[in-house]
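Pasting in a structure now, in structure tokens, and then I'll have a few things to ask.
Naming follows writing order (A, B, C, D and E), and every chain is counted from residue 1.
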Amino acid sequence: MSTIDKTSGLADADFAGDARKQSNLGDAFTDYVGRLRGGEMGSLPALLGLVVLYVVFGLANDKFLGLLNQANLVVQAGSICLLAMGLVFVLLLGEIDLSAGVTGGVCATFTALAIVDHGQPWWVGVLVGVAVGALIGFVMGCLVAYLGIPSFVVTLAFFLGLQGVILKLIGEGGSVPVRDEVLRGLAIKNIPPLMGWIGAIVIVAVFALLSLRQYRVQVARDLSRPPFALVLIKIGALAAVVLVITGLLNQNRSIRPNFVIEGIPWVLPVIVALLVLWTFVLGRTAWGRHLYAVGGNAEAARRAGINVNRMKVTAFMICSSMAALAGVMAASYSGKVSPSSGGGNVLLYAVGAAVIGGTSLFGGRGKAINAVIGGVVIAVIANGLGLLSQASWINFVVTGAVLLLAASVDAISRRRRSAAGI
Amino acid sequence: GCGSDDNGGSGNESSEGGGGAEGGEAGKIGVILPDTKSSVRWESADRPALEAAFDEAGVEYSIQNAEGSADTMTTIADSMLADGVTVLAIVNLDSESGAAIQEKAASQGVATIDYDRLTLGGSAEYYVSFDNNVVGELQGQGLADCLGDTEANLIYLNGSPTDNNATLFSAGAHSVLDEISTYTAVGEQAVPDWDPDQAVTIFEQLYTQADGDVQGVYAANDGLAGAVISILEKNGVNGEVPVTGQDATVEGLQNILAGDQCMTIYKSATEEAGALAEAAIALATGGEAETNGTTEDSEGGRDVPSILLEPVSITAENVGDVIDDGGQSAADVCTGEFAQLCEDAGIS
Amino acid sequence: MSEYPLTGEPEGSAPVTGEPLLELRGVNKSFGVVHVLHDVDFAVYPGQVTALVGDNGAGKSTLVKVIAGIYGRDDGDYLFEGKPVSVNGPRDVGALGVEVVYQDLALCDNLDIVQNMFLGREEKNGLALDEATMEARARDTLGSLSVRTVKSVRQSVASLSGGQRQTVAIAKAVLWNSRIVLLDEPTAALGVAQTRQVLDLVRRLADRGLGVVLISHNMTDVFEVADRITALYLGRVAADVPTREVTHSQVVELITAGRSGSLGIAENPATATV
Amino acid sequence: MSTIDKTSGLADADFAGDARKQSNLGDAFTDYVGRLRGGEMGSLPALLGLVVLYVVFGLANDKFLGLLNQANLVVQAGSICLLAMGLVFVLLLGEIDLSAGVTGGVCATFTALAIVDHGQPWWVGVLVGVAVGALIGFVMGCLVAYLGIPSFVVTLAFFLGLQGVILKLIGEGGSVPVRDEVLRGLAIKNIPPLMGWIGAIVIVAVFALLSLRQYRVQVARDLSRPPFALVLIKIGALAAVVLVITGLLNQNRSIRPNFVIEGIPWVLPVIVALLVLWTFVLGRTAWGRHLYAVGGNAEAARRAGINVNRMKVTAFMICSSMAALAGVMAASYSGKVSPSSGGGNVLLYAVGAAVIGGTSLFGGRGKAINAVIGGVVIAVIANGLGLLSQASWINFVVTGAVLLLAASVDAISRRRRSAAGI
Amino acid sequence: MSEYPLTGEPEGSAPVTGEPLLELRGVNKSFGVVHVLHDVDFAVYPGQVTALVGDNGAGKSTLVKVIAGIYGRDDGDYLFEGKPVSVNGPRDVGALGVEVVYQDLALCDNLDIVQNMFLGREEKNGLALDEATMEARARDTLGSLSVRTVKSVRQSVASLSGGQRQTVAIAKAVLWNSRIVLLDEPTAALGVAQTRQVLDLVRRLADRGLGVVLISHNMTDVFEVADRITALYLGRVAADVPTREVTHSQVVELITAGRSGSLGIAENPATATV
């Protein structure tokens, strides 16, 4: 019977087909291609859509691929990426937070007022903002979890109510400036090149160390593991990406001879740090596991002893806290908070970003990286169209069309998956 | 039957008529303001000025805000008519909805006044406003004054594409700046909903596209100007590139004091509200108001008796005028780092 | 009604080691107008397999869910080791050491086999999850249940066959050091060999001193492993007897008609006797 | 064993407990209370929320309950009720249509242009508008159904793109007037009192006839049926409601002696007619049944031979066509179409209306009447707050709070249902 | 591999009335990297009950879903009455007169029993649905399946017990004048009496000339009603034999090991014989 196993590829002994024994690079590659063909595309389709956008805009305008514009893009994408990352947490539960954008506005107002009116240092201001965000999330989460009001209605009510709060705080039609060195610097300043290099090298080194240590443990305990060559290739790839980006952004990209702009925008490390944090929380902690479980089958999660209500409340708190950071980042970029901050289509764009990246609105599927990729897609559209300076109506139409294009690349490449019946 | 607006302790934010109003015979005046977001003025300047004027005259009144929605405005108008106002003043969000409101009011025998914006095809008795064409021209002239006779590349950052006033402002500015042959327009874009957050990205892209070779920026109001200055600061040219504005907001005045903004437009709400109050009270008591001209309603084919006021261009020299007029308080403008600048400019 | 004299029990039944581990007394449960459980008394003894039998819709699963804390009781007492406990949800019951395999399985389709098996009780390594340990333990447990066609323990449960899903649910319940295991039709979708393994497992668990409740429509299986049989009929306990005191056909009669000879519900339920 | 049945209420013979035999009023009432207690509340909680709002606003302002204001309320609620009714169809599928509001704007623009620029009669204009709506729905439906792009993204793209289309059609800062007698009359004119009376009586008569005929058939075929007294009570109740409303609205409600306002606003029969139509379609046709099936379990529906894709496309078409009617009604109310028509929060309010009424965002649960009740709730909030004339920030906050209040009445009264485990 | 000589069949089997009604030839099906069905040949004969047996995860349900048109084939032929037909979804298969009871039941939880049973084939009365007729027919069919605890046919299926749900699914499939009925573990959750009814029904259907396929893990049931047995082993057809030519234990061996004596897959699958 053992002959059958080898030829059929199906297991006869317990889990003989398990990946434990895979050990050379060719196998790993075949396996990857197989998984791709089976529909497990991850973020690949969204990345593909992004590549299409880059090619289109790159051809349409010669400034688009320029260093200056790409650095600007990083800053422009910052706020929406943070907001979308926060939204992933409630979307994972199958809930929605319509108020996230406005929550960001309210929190940024608190931050700005703490600094301007109360003379607090920037970090106190940010803490105040995040605390307000967490509080808002807590209240909404409780209403959703314990009273059982649909999150659409709760957050719609907060969307409206919080607009009133901003109006009240800022004074109708006014604005609060954000002139703090550090906060403003977040959007308009860059990391000194030397520091950038050091940071980049440290990141690569840490990653290499962790990867190698993990591999050593896997070997020692005889667990399933990738081939060693693959580990090396992954380290190499990360090093290349990090160092090339650092190298490029450390060049002077100013368009005026007497003014130097060089270094990595401060926004970038903030986003990367939060991305790493949330990826760890979602993928590697019990809390993250429980979040997926509640989103996938709340009743099963409840039966497994998970406190579903607490999961909901914490998810809303994280979402609103991230919205607070997004609001502060938006304020840092525009230099002020105004009553329209976080209103308008901000939220729709952020949810759209998460969904384009591959997060499901029905809960249970999504990652932090999805939000970042989707956020970049949205930012690229605005950035590219901004360079083309067309009439407003054309901008609207093209934005819609491009959004659809980016999403359909994703949809079409995922069709296999649904054909596989999963 | 309109003497029973005594909804007790509903707070002092209530705009219901003041306590001493014995306005049984004078009738009730309704005012609908357009929105809260395009400009500071409606809630922070017009509302108090109108309240003060009406209280002074001892008439009953109700002031509401349509929050930028024409439907809301229609709803408010309905309820005011239901509430028995005898004079209705509106700042229309667009001519058609305004005309519809006025049509309905007229059908119930209520007199109407166009405040700040003319309702084309409407039936208002009077039009009280600053001249919007003049605003754009003053902005253009102000930018030209700041730039001087040099070669200059200009970027135009217009107001909301759905707002007709934005179109007028831009046209006015173009009418001045396009005459000056050394100026070249290198980019122009409208900002949806006058949203300063979107304006930042829009301007950054226009600036990048122009390779930073920009010597002046037309920004339709102070909010957009602030967005522009944010990007200029990022590129180290704030203060070198003049930027226009409008509305004389705290933000705008501070930017002018700091030298980052070239000018703004001040439309004295006190003055305008006073004019409106005068006209409304006259109508409410069955009299006539004093006009200083007419404005042509191209659609309705009539000349509307008008009370037209002059906007004022504000530069670093006359920031004090706004504060003296009560448009902004010195305390708001001269906070923190601006205290010194205020002192230098002779503002207290 | 259907009051089985608990004190008289040990004489004729399999060795009952003292008190019942878990006991329900006079439990009622309605869904809106539908009255599903009528004054149900039910006990689980340590070291014994109690078979819960009954027709479709008799209320077996509802009873299990009431025990598991998923449904609240309308009235009635819930005793653990003779002491009344307050049960407000599955967490409280889990804390008592009760594991349940539900008829509707209750797996998260978006998680893989290992993740489902350890859901709510993940192994940790500091803050982070200890995936390696969990994977190894899951593999061992599944292996012991004759699951041979699962390609990988990292497969999503959405892609499993009916029997494979059921095995995962069973494996999930027996992974822990529990005191009571409730199995609601655990072998319904299982193949011949897998059913064998589960029945052996059920016996082994009881022999280890756990209280086991087995719901099944298969009388052969019931008679093979059960020490006692509790029969439900239209939401009432029709009988609660040691297995060796009844015959196959008597139990079938109890299930389908509610009474068999002297056993079962009397004509007038208000005076029903065992 | 038959004794057991009688006392336990459980069936022993096949379906003996079935409702077939119920035949007196007391039983029917007990049954109704039992169902209420079991959590089957229908629209009752939303109606309760509405009553709360009426009491609060009625106490806060003496004009609120006045005839004139209530008649205005009917007209104000018209547009959102239509929009929400349309949205119910896509919500039933578990999809969403973010573009519905803007679609209404575009369609109304087409209607207005057909009348103004091309001199068409009003009904041609409306037909053009609805046709454009159906076309938009068709395209979106196809993208969702056949390409498999999430409806959130597709309709977000259309939300943006269609704004561009309106801008292009109307021109920046422009607007198109709606001055057609009939269309304007829809919002500002009333049915002549005599005609109103005749209509009301006809409606009552038709309802009575249909109810009695149905009862006759049920008796003849020995089907399950309500007690005859209940049939009579229902007819009586409808007659009372219809005739009282007609009577009230037929009074002169003008506040000025020289100007008469009387009669039922034209909006009301339009809404009632569409409500009846869609209630019939959803509840009594195979298509409606299939819609619920697809929303409840798309895979089961597919296996039952239902063409799921076609259901999706048709649902989107109905939604957009209803949006077109809503857009025309909004234009009729405000007397024009402007580039911002249907934008802003219109859509959120409409979805909120459907959800407050009891429609689920996850599909499979909802009715046309839910949308109307929810729409009235939203309209009452705007109307009542309008009468109180507070500062705008207070309006925002109060709107949010009241929305939450209305929704929590619903949520709390539904808790029993979830306690029952359904 | 596992090529059963179709021409040689009638000699030793139950009376095969001519051609198979439905036939699959050389069907393969993979999900991504998992190859589930290998060159499967399968035939359904009119008037016969074909039992499809196999271990958990052998591919039985997958085969049924391929026949039902829910999954596409990777390759292989689909013949109906000897003629190749193109099958692009469950609608095409339904049009051929094939009814299926799925293992995962596939009911709409938001609809009631009657609505589920008539889903996709509602009785109409002009434009409107003819609820009265549907209700009456549903009540009759369910009654004949020994469902006794369902309170009302207007109950939502979400509130049904496991066995009640299964009965609804079965009732739904036998309501129509179909030519083939596929039942994937139809009795898994059923009580004793209900199982009896379903087995009788299966026999009756075959006697009426329908082609019936029954999947079950219960060998007693299989031997009672089946005319032929097709055994799947790891996605391959291990045997396709008339019931009377094999014994109980032979079939179990085929299921668990893939071969039994001369039957089954040879050591080298490439040369496997029946």
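Everything below uses one rule, namely that contacts are C-beta pairs under 8 Å (C-beta built on N, C-alpha and C of every residue); 3 or more make two chains touch, one makes a residue touch a chain.
Bear in mind the structure is a predicted one, so any value in this text is a computation, not a measurement.
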Indicate the lowest number of steps between chain B and chain D, counting one step per move to a touching chain.
1
Maximum distance between Cα centroids and chain E occurs for chain B
So, what's the distance in Å between the C-alpha centres of chain C and chain A?
44
What is the distance in Å between the mean C-alpha positions of chain A and chain B?
40
I'd like the Å distance between the centres of chain B and chain C, where a centre is the mean of that chain's Cα atoms.
74
Multi-partner residues of chain D (at least 2 other chains)
10, 12, 167, 172, 391-395, 422
Find every residue in chain C that makes contact with two or more other chains and list them.
31, 70, 147-151, 159, 234
Can you list the chain B residues in contact with two or more other chains?
36, 43, 161, 190
Within the complex, which stretch of chain D touches chain E?
10-15, 17-19, 217-218, 221, 223-224, 280, 284-286, 289-290, 292-293, 295-297, 299-307, 364-365, 422
Within their complex, chain C touches chain A through residues 68, 70, 89-91, 94, 100, 102, 106-111, 115, 119-122, 124, 127-129, 132, 135-136, 139, 142-143, 147-154, 156, 158-159
Of chain A, residues touching chain D in the complex
94, 96, 98, 143, 147-150, 152-154, 156-165, 167-168, 172, 345, 348, 351-352, 355-356, 360-362, 391-401, 403-404, 407-408, 410-412, 414-415, 418
Can you tell me which positions in chain E touch chain C when the two form their complex?
31, 34, 54-58, 60-62, 103-104, 147-151, 159-164, 167, 185, 188-195, 217-219, 234, 252, 255-256
Contacting residues of chain B [partner chain D, same complex]:
1, 4, 7, 10, 13-16, 36, 43, 62-65, 67-72, 74-76, 78-79, 81-84, 93-97, 99-100, 103-104, 107-109, 121, 161-167, 190
